[in-house]
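Here come two complexes built around chain A, the first alongside chain B, the second alongside chain C.
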Partner chain A sequence: MGSPCHFALFDLQPDFRVDLDLLAARYRELARHVHPDRFADAAEREQRLALEQSAQLNEAYQVLRSAPQRARYLLTLRGAELPLEVTVQDGEFLLQQMHWREELEDLQDSADLAGVASFKRRLKAAQDELNESFAVCWDDPQQREQAERLMRRMQFLDKLSFEVRQLEERLDD
Partner chain B sequence: MAYSEKVIDHYENPRNVGKMDAQDPDVGTGMVGAPACGDVMRLQIKVNEQGVIEDAKFKTYGCGSAIASSSLATEWMKGKTLDEAETIKNTQLAEELALPPVKIHCSVLAEDAIKAAVRDYKQKKGLL
Partner chain C sequence: MALLQIAEPGQSPQPHQRRLAVGIDLGTTNSLVAAVRSGLSAPLADESGAVIVPSAVRYFADHVVVGEPAKAAASSDPLNTVLSVKRLMGRGLEDVKQLGEQLPYRFVAGESHMPFIDTVQGLKSPVEVSADILRVLRQRAEAALGGELVGAVITVPAYFDDAQRQATKDAARLAGLSVLRLLNEPTAAAVAYGLDQQAEGLVAIYDLGGGTFDISILRLTGGVFEVLATGGDSALGGDDFDHAIAGWTVEQAGISSDLDPTQQRLLLEAACAAKEALTKHAETQLSYGDWQASLSRAQFNALIEPMVARSLKACRRAVRDAQIELEDIKAVVMVGGSTRVPRVRAAVAELFGREPLTDIDPDQVVAIGAAIQADTLAGNQRGQGEELLLLDVIPLSLGLETMGGLMEKVIPRNTTIPVARAQEFTTYKDGQTAMLIHVLQGERELISDCRSLARFELRGIPPMVAGAAKIRVTFQVDADGLLSVSARELVSGVEASIQVKPSYGLTDGEIARMLKDSFQNAGEDKVARVLREQQVDAQRLLEAVEAALLADGERLLEADERLAIEAQMQQLRELMAGNDGLAIEQQTKRLTQVTDAFAARRLDATVKAALAGRSLNEIEE
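Let's look at the complex of A and B:
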């Protein structure tokens, strides 16, 4: 990686546990400094540089604020690059995913808003638990395999929560 | 993104959607997932004494291409021997469905599901 570490950009140590409010505050502060509008009258080279920094900052912020992306980034810092698209055969977990998808389908069919709210709470609890498990093992080389598995699970739950939000919007209409 | 007509056909009229008893000794189950897009795919085969796949079922939560890939996979597997089924390649599925490059991984997932189902069956029968 030629570019500086995402964490360093925000003056943070690489860690899974991140104070998201602090991250957001630092992002806003830094974004102001490199905002292209500030360089409207600057030399072309400076403008280009500001644009690059701004893009880098946005990229870093998007990665760090998302738990699964932050997890994948941390594992990449500690070891090999991890492909985005892989096939996993995490049996028990996939079975549970299937149940959750079925449940979500039923909730959609019945337009059950209270059911969706309860689903969201359970999903959030599962995400919190997963994040906690990852936080304690990602930096241990002995547990690398487990950390990768947890990161993949986070990706699934992230996608699931996106679908829950979409369902909520549809039901709101 | 525009889906091909074949993808839409499989998406709107998926073949062989369903579930078999995973405990049945003649049934092989493949369960695979693609974390980044959140797709989950279950593909099951029922194999007769001659080692021919009599029936195949699937259930996929995912995009149209993932559903179409697994639907087509079950169609192609029926009537094939295990060895023949294992030769089905993702490139064949992708070509038949005219999948765009960004959706190739959906056909990879289906191929992996086929292999997982065959392996599960062989494991049950002590063939591995």
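Let's look at the complex of A and C:
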């Protein structure tokens, strides 16, 4: 059994713009059919198959609902493999990254909760902006390089928002 | 009326035959069993009408007493009476010492680093003690429902790690229960509330039991219960409130904290009574020996404040993990006896900005929800509208040890289960032929701060230069939250895999011995029981294949494939009439093999049909 395209699994066309509510609704509907709970009293083999299909469904859902992961997945559908870690030739963004990080460190040192809230809002705005830029260029072979660069920026901001959550936890004592 | 009853996968051809299944809340302090009868989920009572079984087990040389009479003997016979055994499940001797309290038992190390309790009936592992409680619940259910159970849903704290879950499943096996599912306690409570109140939207479940604390955030949508995040502390509960009062007493009375087991029990009993009194009264008298003092609710609140604060911190983290805001939560549900403490209710109300719901008895709600899920899993709800579906998550990240003693996460916490995920690693030395796979669970970066679940070796890697080998390690977590790990070298195809048997679990040898003992104690005829199980399995498979052939045989099978299947079915039917268990088992396997491809095709077809059905609905709208 090969693994079908994540988009096809949800009967969607490969695109960056995804109706997340529709995706969630289809996910729940499919989960109803393949979840191991439906096979709790079935033979071991049915249980194993349900486990595999269900894990596959969960994986696909997880990739599609996260913007950076969806972006990455679209690019792999369209072309070569993308190594997870590369040296990014993106000087402009590198500078921006440093600013983000310095600011986050300052917030930690000053334990500034209001500052963290404002940082989160700006981060969210930056993510939305990146998503917009990616949505208009990912499918254009001429702009492939730009799309890849944007995807890596999305990944960075995603990681940064994880670090913000960790910081919030440290400050929550 | 339909001429043909089209059976869904897994459904038995006789849909009206009710299959007996129960939900069991195996709690730190109290346990109970519930079942759905006449469409209503309720706890099952004993002859005297009591539904709660205190989780207390007293060992005599030749028999075991469970429940209220055992609890009553806790101070008179402390060495042979085990309370709060749940706190020891899946833990090592070292962990037990770090629980930060004196336990009045004599612990002995087992072959698997598990703490065994030395009793008058010999060494007892926490798994065996739990099995003794489960056995009583099983007997109560079989008496009340009038038949043998097809299985049980057993609840565990959402924050239980792999070792604690595995230990719970082992206990059920020892008690002769077939586990339909291990279900997280807060999720079970959400089911009881959600179905009762037809709730939709975001819900928080705050579950403070005797020994464990869980917080879960769920999204409820049309019968689907989707856990967004869970958090907690598997060593925080009402017992700790008792210990806080006991500590205060020792300090105030100026007595030595080095008490003998009987004194310890008496002190804890006095502390627990004071705690309960303070739920209703602003002040209570506490006496221990000749010493007496009054304890006010304000003093008590101050004593437990650090623990309440810890629970609230876990709540805030779960909300962050769910990537929502506190204001988005539409309802907060209180679960567990310790949520009766006024300070706990007030603190939770303050955090979430709304009064928490307490409509369903906090001691019973988990078992009630588990029974509903058990009824669903046993197939009794099928065909009655939208079926209930629970989508749960893993509470703690799973990963591997990498160079430098660091933990590399393979599956982050709060990932929906079931899940399978692979990561590739390589060799770091030229000619390296083996690799140690060290499986860990936890959130910290250093492996010493994480829980070690298992270690195994992948051997026989062909010698290559460093970095040339490609070792893919695959983690799979099933719907019970249990992990299995396999490793494979991709260039050569060398493989190794294990069902993770936690370092603190029972070894297979220990389980085999306990099973043997339990059969002897229960006076059951092992051979007869095994034969019956094989016959039941065979019958179940036959029914499933018959239903599948009826539904999809024409559509999905070639004529010769169908003939081959029918021949194997006939052979199995003939064997089932006899009493050769081994032959039945082998033929069951053969029938399984010959229907493998058919089963896979059916499941694929189901997914396609689900999408097609959806499209049709949309066109109609």
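Keep this in mind: the second predicted complex is superposed on the first by the 171 of 173 C-alpha atoms of A that agree within 3 Å, B and C clash if a C-alpha of one lies under 4 Å from a C-alpha of the other, contacts with A are read in each partner's own complex, and residues count from 1 in each chain.
Everything that follows uses one rule, which is that a residue touches a chain if its C-beta (ideal position, glycine included) is under 8 Å from a C-beta of that chain, and two chains touch if they have at least 3 such contacts.
Please read all numbers here as calculations on a predicted model, not as lab measurements.
Colleague: Chain A residues in contact: does chain B have more, or chain C?
Modeller: Looking at chain A, the partner in contact with more of its residues is C.
Colleague: Touch test for A:78: chain B only (first), chain C only (second), both, or neither?
Modeller: After superposition on chain A, A:78 lies in contact with neither partner.
Colleague: Contact-wise, after the overlay, does A:120 reach chain B, chain C, both or neither (first, second, both, neither)?
Modeller: A:120: touches no partner chain.
Colleague: Please work out whether A:46 is in contact with chain B alone, chain C alone, both, or neither, and reply first, second, both or neither.
Modeller: In the superposed model, A:46 contacts chain C only, not chain B.
Colleague: Can A:32 be said to touch chain B (first), chain C (second), both, or neither?
Modeller: second
Colleague: Thinking of the overlay built on chain A, is A:144 touched by chain B (first), by chain C (second), by both, or by neither?
Modeller: In the superposition, A:144 touches no partner, neither chain B nor chain C.
Colleague: Quick check on the superposed pair: does A:97 touch chain B, chain C, both, or neither? Answer first, second, both or neither.
Modeller: first
Colleague: Starting from the residues of chain A touching chain B, keep only those that also touch chain C in the other complex, and list them.
Modeller: none
Colleague: Under the touch definition given earlier, write down the residues of chain C that touch chain A in their complex.
Modeller: It is residues 8-10, 12, 19, 150-151, 180-181, 221-222, 224, 226, 313, 316-317, 320-321, 373, 376-379, 387, 389-391, 415-421, 476, 478-479, 537, 540-541, 544, 592, 595-596, 599-600, 603-604, 606-607, 610-611, 614-615 of chain C that touch chain A.
Colleague: State the interface residues of chain B toward chain A in the complex, per the touch definition above.
Modeller: 31-38, 40, 42, 59, 61, 105, 108-109, 112, 116
Colleague: If we count contacts the way the header does, which residues on chain A are in touch with chain B in the complex?
Modeller: The contact residues of chain A facing chain B are 84-91, 94-95, 97-98, 101, 152-153, 155-156, 158-160, 162-163.
Colleague: Taking the complex as given, what residues does chain A use to touch chain C?
Modeller: The touching residues are 1, 9, 11, 24, 26, 28-46, 49-56, 58-59, 61-62, 165, 168-169, 172-173.
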